[in-house]
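Same chain, two partners: chain A is paired with chain B first, then with chain C.
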Partner chain A sequence: MSKSLFARNPSVLIFLACLALFTLGVTALSEALGTGLISTSFVKTLGKTLCLCLIAIAMDLVWGYTGILSLGHFAFFGLGGYMIGMWLMYERTRDIIVTSMANNDIPPTPQEVTDAIGNQIFGVVGSSDFPVIWAFSHSLTLQLVLVVAVPGLLALVFGWLAFRSRVTGVYLSILTQAMTLALALFLFQNDSGLRGNNGLSGLQNLPGLDAVPQATVSLWFLWASALALGLGYLFAAWVVSGKFGSVLRGIRDDEARVRFLGYSVETYKLFIFTVTAIIAGIAGALYYPQAGIINPAEIAPIASIYLAVWVAIGGRGRLYGAVIGAAFVSLVSTWFTGGQVPSIPLGFYTIDWVDWWLVLLGLSFVLVTLFAPRGIGGLFDYWTNGRPPNRHGQDLGPGAGALQEKEADA
Partner chain B sequence: MSTLLEVSGVSVTFDGFRAINNLSFQIGKAEMRAIIGPNGAGKTTFMDIVTGKTRPDEGRVIWGDKSVSLLKMSEAQIARAGVGRKFQRPTVFEDQSVFDNLLLALKKDRNPFSVLFYKRGPSDTEKVHTLAEQIGLTDHLPRKSGELSHGQKQWLEIGMLLAQEPQLLLVDEPAAGMTPEEREHTTSILVEAAKTRAVVVVEHDMEFVRRLNCKVTVLHEGSVLAEGSLDHVTSNQEVIDVYLGR
Partner chain C sequence: MRVLLAALAAILFLSPTLQAQPTTVQEVLQAHGDAIAKGSRKSIGPAIDAIAASGLPQAQTVLETWQAKDMWQRKSDGLFFSAKEVAKKTYRLTDFDTGQTVGEFDKGDLRQLKPNSGVRALIGVALVQFQLSDPDPARRLDALTAIQRDPEPSHLAPLRASIDGETDPAIKIRKQQLETLLTIRFDSDDASRIAAIETISKDISLDTRATLNTLLATTRKAAPGAVPETENIAAVLKPGTEQLSAGDAYTLLADNGLAPALITDGEQRNILSANISGGKVSGVPVASLNTQAARDRAYAALVAEGKAVPRPTAEDITAALANHSFYDAYFEPSKPVTDAAAKALKSVEIRVAFNQTLDLALDGISLASIFFLAAIGLAITFGVMGVINMAHGEFIMMGAYTGYVVQQFIPNYTVSILVALPLAFAVTFAAGVAMERLVIRHLYNRPLETLLATFGISIALQQIAKNIFGTQARPLTAPEWLDGAWVLNDVVSISFIRIAIFALALIFLGVFLFIMRRTRLGLETRAVTQNPRMAASMGINPDRVNMLTFGLGSGIAGIAGVAIGLFAKVTSELGSDYIVQSFMTVVVGGVGNIWGTLAGAAMIGFLQKGIEWMNPSNTLAAQTYMIIFIIIFIQFRPRGIIALKGRAAGD
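And now, the complex of A and B:
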């Protein structure tokens, strides 16, 4: 009875194989190591897409499996990006400063170097002192710890407060929106310590690796993102396949029943909320070095809503659905908003897809929700096991004398 | 006979409506008890209080040998202490197989980390099969529980309760919507369970209560109106007036 994870979930192996093939394919067609058919900027787009797939898996765990419609997971994604961005920006600025100061007649003191870096980074917001939160920015190891720790802690505290008060459903969604909005507004301030609306930039340049062309760096990040996505998928599949997944789905379908079975529902929710926030943080830390810039607009409430839309369109409650949704919608979105789609002249009005894309996305979200609640991933059911019968409202018992559900309600 | 659960002087008010009024109730360790009463008598609210869903305004709920108060515990803690509850409508996890439903309910460590690293051993599989046999669902173990008939869902839920190995079973209208044969089966499951633990059955159906052949508590307007054998309470004039006579 106790088969391995792969035997119970053949889709995991299929997914990992597809991911490996995809990564190899892109590598073979890249400018750095292959034929050059895929431009470096498109390699970056694909790498970023893999990161979005990873956060979509996190969203699927928390929403599709546990039923918590969190509309704030992009806050954790952004925080992960900020944490890695601080090190990238500090270290690269330091490299530049040290190089330029090397020509001075008197070698600079460490204090002078630090001041110069501070001036360079924070001059744009009218400051030159390092805020307290930059205390660890000189250390890659510590900032990598923060990539995990900061989103994790925020989720832990927020989740503890929210779940302990038994906030559920739409109220929790609103609360998570408020959280991400508050965080975005805070970061927009110049004295937030993270350069206000300028955000952190130049993140695509890896410190000390100026000699390596971006074409190669973009591949490294593609591989790292693919690895993270693969591991994240494996982890998520492991979490949901066992008894823990059984509890999570139980919470989604009937929270009170799980509670009366003796499971502390709040602890489980807090656990999954925090774990997914950490996954989101890691995804963000891989995404923003590829994007090159992060600013507070990235964690605006709408970003987290998009995330929910991806997962809904892809098919929630199945991991590959989330991945398909995120990849499909974000790539199509890139295509539409990139201005490459021909406009449709209607004579009296011209449909310009850059403007109309959101309408199309909104419409497809509504249509998917109404007519295909299983999303794109649901298409796979047609060739695996078909649909389970819907028995609601049928005879209650096997015998002819059995009551109907309506009567039993009375 | 020692007391397992003692509820004394409990009152609850919802928006000025006194749902439970100075209710006192006790049950022994291996006892079957039926609670009857007209709609709104406070039967479900009584269960809510014992299982921690509703906090009473006053009164005490004392549990077990160590006489701990249930009022300070959460629903999950009360469930782990040994109180199992079956809801009026069958509530099973319809998206999961009968096997998984039972496995979920098995008495095990409920801590998230031990659940995450849980590996099913042969003894647990054995337990699930024994339970399935008890409730007559052996053939349906791999099916999704949403596909089961109403009666089968009721049994599955009772099976999940038994899997928790509770000392007290609270069962809300177990026979609603069942055929006579199904009722027979349900009765035998409950009577069997009551040999080793306390079972409280809330039921409307007098015929079903008669078959349980146990002590009966009649609730009316949130307090106990009469208690004793079914024949005893049904001959009580007050009971006839408020309940049976209508």
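And now, the complex of A and C:
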């Protein structure tokens, strides 16, 4: 440990500097500070993008570094959102109820207030009682603990079951996808206690802060997201830089060999799976107050696959690649689906990008997988001259599945 | 007919015994003339009954004419006639008794009787006894259906009378069944009711169960002291148990006036708020009323002032509950009848449960066939070749859309399905070969990247389908001979489409086994799967074999798509609905073995139906538990139900 973390990873400092610059720039141009060059809704979009970058880092840790293609991390993201959403919704509804009940001729008892809140929140699913899982929703502290605890515990139990029985590779991917699907289907039920397919809404309003304009609130969330992303990046860089990171990469390249070397592969995998689930939960808890609404459709398996798409396009196995991929693809996606891209008239048919964007994304994803496994991040290698040594076309790794040099160069 | 009626009328006229009875329908009508003219549902009953009970042959005609609003009254003398419009505002009147035309009259001289729907319904009931013996079998059946829908005690006698004269054996059986049900419900003799109940205890039809349940309907009652002897008791209840909570028991008492009503917290609040004067409720400041204890104090003060009734205390409630007995009483007063009915219902329910199990098994088989169909293509590409194809679901969708497009050009559904099946195979075979050549070939040995690349293709294909066909569901109509269902009895039935899918699944199983075991392609596929280099050195072209095998798997997905499209909605999401279950089927069953896929499909199908049966209202929950079960199952058999052993099992 002669050199510090930053000295070994100059990209961390560059990234943090870029992130700080970006945050300052957006702050300076936002509506809250008067210039108004960037609209509040776009500040929110940028804030949400930062959260997506954070979960992309988690995905990169678990997939790019450890080789576990998890198709379930958006489930943890959604759970984090639900946990914070419960508090936001409860407190917000309580404020409204207390205000409206203040006009009653007799002041309400605590029981009446609770009943009215329950009626207000669960009226849409034909119920009025608080389910057990809402037991802590009155307390911000406890719900914040749950933001970390619920995704973490779920990942711990699921990962323990899966890794213990040596489910690997494609099987694990399908299993994680099944877990996501099960969770989404469960939440879609009205009696799941989380308002079925209505989800939780009105999350953009912070309780007790009605006087603060949304422009300011959106800036706060942008700062919080940027801070979380910066810390997440630092943490991820720290995890992958030392000996621990080497073991992770070893598991990715040849799991059996690492196991024979005496490392407890399952423990490493379980640790990284749980930690990334927690990061995903935190990212979700920051994302959904900016989005304003969360419903089970957000957790559908397709979302987790898009996450893999972002990381793959950005370049897996490098942290800044994941960030670039998530930011680039989600912003371009917003741009295309927002109808701002001009259509291409072909004479016999007009390509409307709102309809054809997903086709373009799918196909470009195939092309990236086939021809540019290093993604956008790979472009930096030309710049830093960090090209790998010439192995005269041999396999890069020992296994039959390892990349060959000519593929890695592509 | 008319001659016959006239003859009958003549006999009646000649008969000397009919002195006391009216001899013509007109007399009967006149006897109730005012009620008939008034046409009120409340007072019309005796009139209708008199006509129906007159025993006159014209009674049916009169009632039918009346019901059809063709009975008119002549204003001059108040006589009733059947009228027919012959010219504008001119009506030809016919006498009911003689059947003779009376003459043509201007509308101004007549008054039409317009029975309202309630009166017409009453007439309909009265007509039943005539209809039960109607020469037209269709009308007899209609009458039976009408009785079945709304049975009444009065139906029993005419129904019994009509059984002996019944010539049609099928109708006779129905009449006898209905007679049994009516006997059970309305007969005055307990012995014959019990006998009838015993005869139906082997029958599981809905009518039987409905009759028995009606007979066993109970009402919850409370009485001071012991349970009264006069009631036919179904069960004596104790307050505070699962059947009857203490709160419900007290509410029952209060509703029956046996105890003072419970005042809820909300009602208490309203009473308090009604008694606010000058910011206080009997001396207690309003602002302090924000706890239940404070409100209770204020309320007690109100009671002391005599402005409110006291709330029953916990001791009051306990005492009231102890002093009363609670029980479920049958509406049916006769105990032997209810006992026999309870016994019969038990035996019926056992039979119903048995049949439900059978029905559930049929459902399970049909769901398993669907999963098998959806998964068999995957069993080839994933199971045999080890290539994971996330676009498999989209091949199923392409097959279904191919069927839809074919139906646009060929209107005959039978022909179009026969054309669509091979065409869907061709389309998806081509798509599969193209995908193998362009993408998958470059990614052998990199399964995770194959997964991602094929997912990219899946996203693109799904969106292209959405762009071409729109987001709304497209119909893929089954031929008429597949409509309907095979109905065994009221409990067990299965639609023909599901039987066809089961048959198709069996055919696919056979085709798969044939190709893999008996053809050159199967041999080469197995060789390439086991050891590509050795196969290549034996003169097999692995590229070609892989391409054809992948095409075969995709083609089968296309055919499965046509089959699935016949009963599911054809949308661009059709494939993604099945993809996770398909992978589950293959993984649970065991990769690389068609019997494993079969076992996996059977297990998942039966399990899902079983879980749905336990919680029928919630298919979402069933799927959730299903997936959790699979995750746990994988713990114990990571390689599936039927795992390959030996070298072939190596990664």
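Throughout what follows, the second predicted complex is superposed on the first by the 386 of 410 C-alpha atoms of A that agree within 3 Å, B and C clash if a C-alpha of one lies under 4 Å from a C-alpha of the other, contacts with A are read in each partner's own complex, and residues count from 1 in each chain.
The rule is simple: contacts are C-beta pairs under 8 Å (C-beta built on N, C-alpha and C of every residue); 3 or more make two chains touch, one makes a residue touch a chain.
All values derive from a computational prediction rather than experimental measurement.
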| item | value |
| --- | --- |
| Touching partner for A:R249 - first (chain B), second (chain C), both, neither | first |
| Touching partner for A:R164 - first (chain B), second (chain C), both, neither | second |
| Partner chain(s) touched by A:F365 [first = chain B, second = chain C, both, neither] | second |
| Of chain B and chain C, the chain that contacts the larger number of chain A residues | C |
| Partner chain in contact with A:L181 - chain B first, chain C second, else both or neither | second |
| Touching partner for A:R259 - first (chain B), second (chain C), both, neither | first |
| Chain B versus chain C as contact partner of A:I106, first or second or both or neither | second |
| First (chain B), second (chain C), both or neither touched by A:H138 | neither |
| Partner chain(s) touched by A:Y268 [first = chain B, second = chain C, both, neither] | first |
| On chain A, the residue positions that both chain B and chain C contact, one per complex | 401 |
| Footprint of chain C on chain A - complex, ascending | 67, 69, 104-112, 158, 161-162, 164-167, 169-171, 173-175, 177-179, 181-183, 185-186, 188-189, 191, 301-302, 305, 308-309, 312, 355-356, 358-359, 361-366, 369-370, 373, 400-401 |
| Complex interface listing, chain C residues touching chain A | 265, 269, 272-273, 276, 286-287, 289-292, 295, 388, 439, 442-443, 445-449, 451-453, 455-464, 466-467, 576, 580, 583-584, 587, 618, 620-621, 623-624, 627-628, 630-632, 634-636, 638 |
| Chain A-touching residues of chain B, taken from the complex the two chains share | 51, 53, 74-77, 79-80, 84-85, 87, 89, 91-96, 100, 103-105, 110, 112, 115-116, 118-120, 125, 144, 146-147, 149-152, 160, 164, 176-182 |
| Touching residues (chain side chain A, partner chain B) in the complex | 1-2, 239, 242-244, 246-247, 249-250, 253-254, 256-257, 259-265, 267-268, 271, 388-389, 391, 395-399, 401-403, 405, 407-409 |
